[in-house]
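The same subunit A turns up in both complexes below, where it pairs with subunit B and then with subunit C.
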Partner chain A sequence: MAYYTALFEISGLNILLALSVFATLMVGQFSLAQVGFWSIGAFVTAILTTMHGMPLYSALIISSILCGFIGLLLGYPCLKIKGIYLTLATVAFAEVVRVFFNNLNYQIELGDRMIGPAGALGFRGVKVIAAWPEIYLVLFVIVLLFILLASSRLGMSINAVREDETAAAAVGINVTKIKVSMFMFGAAIAGAGGGLYASYSSYVLAENFSFHMALVSIFYVAVGGMYTFSGPIVGAVVLTLLPEVFRFAADYRMILYGVVVIIVVIVFPRGIVDEIRYRIEQRSLRHDTFSDNKTHNKNKKLPDEGIK
Partner chain B sequence: MLVLEYAISGLLFGATYSLVAIGFTLIFGVLNRFNIAHGATLMVAAFGGATISILFGGKDSYIILIAAFFSATLIGAIVGLIVRQIAFAPLKGGSELSPFVTSAAMALILEELFVNLTQSVSIYSMEVTEFPSPLENLVFFLGEIYIRGAYLVIFLMALIIMGILHWWLHHTKSGLAIRCVEENPTAAWLMGINGNRVEIIVFAVASAIAGAAGCLISVAYGTVTPFLGSNLLLVSFVVLVLAGIGSVRGAMICGLLVGIIETVTAGLISAQTKEAVLFIILFTVLLVKPQGIFATSATERD
Partner chain C sequence: MFEVTGLSKSFGGLKALENLDISVKSGEVMGLIGPNGSGKTTTINLITGLLKADSGKVQLDGKDLTNKAADIIAKLGTARTFQNLRIFSRQTVRDNIRVAQTTLCKSVFSKFVPFLTDEERAFRSETDALLNEFELSHVSHKRAESLSYGEKKRLEMARALALKPKILLLDEPAAGMNPLELDWLAETIVGLKKSGLAIILVEHHMKLVMKICDRITVLNFGNKIAEGNPKEITNNKDVITAYLGKDHTIA
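Then we have the complex of A and B:
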């Protein structure tokens, strides 16, 4: 039972990471910085709860706000750079954060031992105050935000920016504001997720939040789909459970994992969720063309290619 | 004096960074996509070279070393073509994200494979596998400056490779075809250049260079690990941005520059700060001059 609970909890954490990547992808920004924000969130929450006795939720809120603010500082200058250059800038950010926490030595005496981030040894003995109820409560709040976003005017502007920046600007959408605020939103999600991770796992090591983890976070979105927020959720759950399904392959299970990622991306170029949605809608479209009421399909909207 | 010594060894070692970045930038120039598996290709080739050196007693034979070098180059080319076939060929015309993901997954697969192989094959060691070479104890003195023989050899080899590449790109028909596709794929296609063939050639050449670089780097280190490639991939990002993405000539010079910066910071401050310094430079260059120091017209297209 504990095994399934742990899987459930880790899935929740990975969904948070996937959603934070998705938030930036929603406006067409391909960021590998989420791991850096995740790392900041983890360390800040761990320091606040363990060393300063702060309750979990206030620490999470502070981490989110801090990450959102850093997201603003990073997002503004990064708007000048586009496409692959932006991705490289975010890699640089995540690497600098990693090196920073790898060298951070900030310990205080608590009881009979020293506690706090100890450079490359990481932060041991973080107070464990998060399990599945806390993780899924935060996740619920964030999913709620995404649902609200999807049905709001702001959500429509976001889609417009993703599809065509110039056209969006032409109809009076403030592209800069939308892009920066989505970057901040993604950063804040990662901050909260990292905080939950620290409070869940009791041990934070900067080396774990490496380029490798950034790549895996992109896998979640690519496998699930990047058109609606349900894509990253499905992707994160599938890829969290996959290594467990491949337990029979022992040491070689991560190889199988990689193979499955490649196959899924080739077979479902839009991601599992969006590809299925796309095919269903296309079938019904084709069906409508042959039926009598041809006016029917005029209002149907097809999910586009996604990120260009 | 110490600074000069660091700078010289950085310059010599930096030549291998140039090689890695050149391969990366060549593939980017033609496909307009990142090949995240480039580092893993390099690592597999380095293991190939190490295997030959271990099996045939490369400790004191220059011939074995040369054989190891050429087989690493060949293995690099083969792995590169496999990567292209699996991660790039089926995704023609898809989104930018897909080849990024598939090549990252290829990198993951190759790394995991070699983590497992180093644990199960007896000639490899668990953490770091030795790459025996006769260059290990070779040392030169330039006045008072101490120069490792291995560094000097890899520098010369890298220069030769870059020279051949430069000649090939600028004085042969296939080189011209590659530069055409880089400049404007549609116009190249209209001129009757077979884009697919150019892609295959570029992948083979870029990965062969990566393989050669992998062999040279692991000879200089004296060891190989399954994670050799992912570290070098990050360094080649820095070289790439400094040089301007797509600029081969820039990559040659900036690789040396990055080598010098890295070794001098590591020597004067600490080994941990060297990465931070590199990435802060990357970030600053992106903000101030995103097209890089050696920008060419080809880099302007998105």
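Then we have the complex of A and C:
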């Protein structure tokens, strides 16, 4: 039972990471910085709750706001760079954060021992005050925000920016503002997610928030789909459970994992959710064409052109 | 009153536009014609802020638009279509129009929870009216990418009008239209003009230009070579030379 609870909890945390990547992808930006924000959220929340006795939710809110603010500072100059260069800049940011926390020594005496981040040894003994109810409450709030976005004019503007920045500007949308806001939103989600992770796992190590984790976070979105927020949710759950299914393969399970990811990406080139949605749409369009001969779909462009 | 004075732009060594003056009153259609590469699209891009002008001024009703950001220029009452269609293809036809209304929202709530505001009801009836006028009601729920070419062109125009502009800039709206659609286009532009809109029409389809424009400006290699009413332009020697070359003989 404890095993399944743990899987449930880790899935929740990974969904948060996936949604934070997705938030920046919503405006067509491909960022690997989320791991850096996750790391900041983890250390800041751990310091606030464990060393300063702050309640979990206050610490999470402060971590979110702090990450959102750093997202503003990073996002604004990053808008000037495009494509692969933006991605590289975000990798650099995550590296800077990793090195920073790897060297951070800030401990205070609590009870009979010293506690706090101890450089490369990490932060041991973080107060464990988050389990599935806390994780899923935060997730619920964030999903609610995504639903609100999807049904609002703001959400339409975000989609417009993603599809065509030039046309979006021509209909009066402030493209810069939208892009920076979504970058901040993604950073804030990662801040809260990292904070929950620290309060869940009791041990925070900067080395864990590495390039590998950044890649996995992109996998979640690539496998699940990047057009609606349900994509990254499905992707995160599938890729969290997959290694467990392959437990029998012992040392070879990560190879199987890699093979399955490749197969999924080939079978569902738009991601699981978007591919299924697309197939259903195509079927209904075909149906339309047979029932009245007016619609011509021959030259239809594929709906998803992938990452720009 | 929409006024462009001394507008210039070079790309590297190429002078794409030199010292252009245009003025358009409300309720007037100004044709902007010229051979390919003469600077028509560049003019529209400069006016709408996609390109920054090297020098010159753009004013709308006394307000300065020169080199402002594209979204600000749109908010100040300038709307356009693109020579190469730019619609939001994954959004529905209705949402393509709705997204353009967002800048007109007076209440912040309209941006976050549109279903809760009164303003939204007015927007909805405006959307319906535009869909109706541009004969898109029957496809309003479809993704824009599934429309036919003519429908996409109509959608782009409807989206531009959703901004409630004072001046509308159309970049080759007739390209690819069949005769029936051309008649519809002419009728629509005349209707818009009568409603008091100022219009700049970039077009190669001369019959259409001569039929609906009040005045015409002719560009060649970035320079204005003529301005006048359709009759004057048809008989202008420089214009005939620019279009047909020096050595032609009138048959």
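Just so it is clear, the second predicted complex is superposed on the first by the 292 of 308 C-alpha atoms of A that agree within 3 Å, B and C clash if a C-alpha of one lies under 4 Å from a C-alpha of the other, contacts with A are read in each partner's own complex, and residues count from 1 in each chain.
In this text, a residue touches a chain if its C-beta (ideal position, glycine included) is under 8 Å from a C-beta of that chain, and two chains touch if they have at least 3 such contacts.
Values in this document were obtained by computation on a predicted structure and should not be read as measured data.
Undergrad: Looking at A:V175 after the superposition, I want to know if it touches subunit B, subunit C, both of them or none. Which is it: first, second, both, neither?
TA: second
Undergrad: On subunit A, which partner's contacts cover more residues, subunit B's or subunit C's?
TA: Of subunit B and subunit C, the partner in contact with more residues of subunit A is B.
Undergrad: Who does A:V126 touch here: subunit B (first), subunit C (second), both, or neither?
TA: neither
Undergrad: Applying the touch criterion given at the start, work out whether A:V273 contacts subunit B, subunit C, both or neither, answering first, second, both or neither.
TA: neither
Undergrad: Using the touch definition from the top, say if A:G258 reaches subunit B (first), subunit C (second), both or neither.
TA: So A:G258 only meets subunit B here.
Undergrad: Looking at the overlay, does A:S152 come into contact with subunit B only (first), subunit C only (second), both, or neither?
TA: In the superposed model, A:S152 contacts subunit C only, not subunit B.
Undergrad: So, A:V237: does it touch subunit B (first), subunit C (second), both, or neither?
TA: After superposing on A, A:V237 lies clear of both subunit B and subunit C.
Undergrad: In the superposed arrangement, does A:L215 touch subunit B (first), subunit C (second), both or neither?
TA: Touch status of A:L215: first partner only.
Undergrad: Does subunit B (first) or subunit C (second) touch A:A187, or do both, or does neither?
TA: Neither subunit B nor subunit C is touched by A:A187.
Undergrad: Counting contacts the way the document defines them, which residues of subunit A are shared by the two interfaces, the one with subunit B and the one with subunit C?
TA: Shared contact residues on subunit A: none.
Undergrad: What part of subunit A is in contact with subunit B in the complex they form?
TA: Result: residues 30, 77, 80-85, 88-89, 91-93, 95-96, 99-100, 102-103, 211-212, 215, 218-219, 221-223, 226, 251-252, 254-255, 257-259, 261-262, 265-266, 269, 305-308 of subunit A touch subunit B.
Undergrad: Tell me, which parts of subunit A touch subunit C in their complex?
TA: 148, 151-154, 156-157, 159-160, 163-164, 166-175, 227, 281, 285, 295-297, 300-301, 303
Undergrad: So in the complex, which bits of subunit C are touching subunit A?
TA: 48-50, 69-71, 74-75, 79-80, 82, 86-91, 95, 98-103, 105, 110-115, 143, 145-146, 148, 159-160, 162-163
Undergrad: Touching subunit A in the complex: which residues of subunit B?
TA: 28, 34, 36, 86-87, 90-91, 94-98, 100-102, 104-109, 112-113, 116, 119, 230, 233-234, 237, 240-241, 245, 272-273, 275-276, 279-280, 282-283, 286-287, 290, 302
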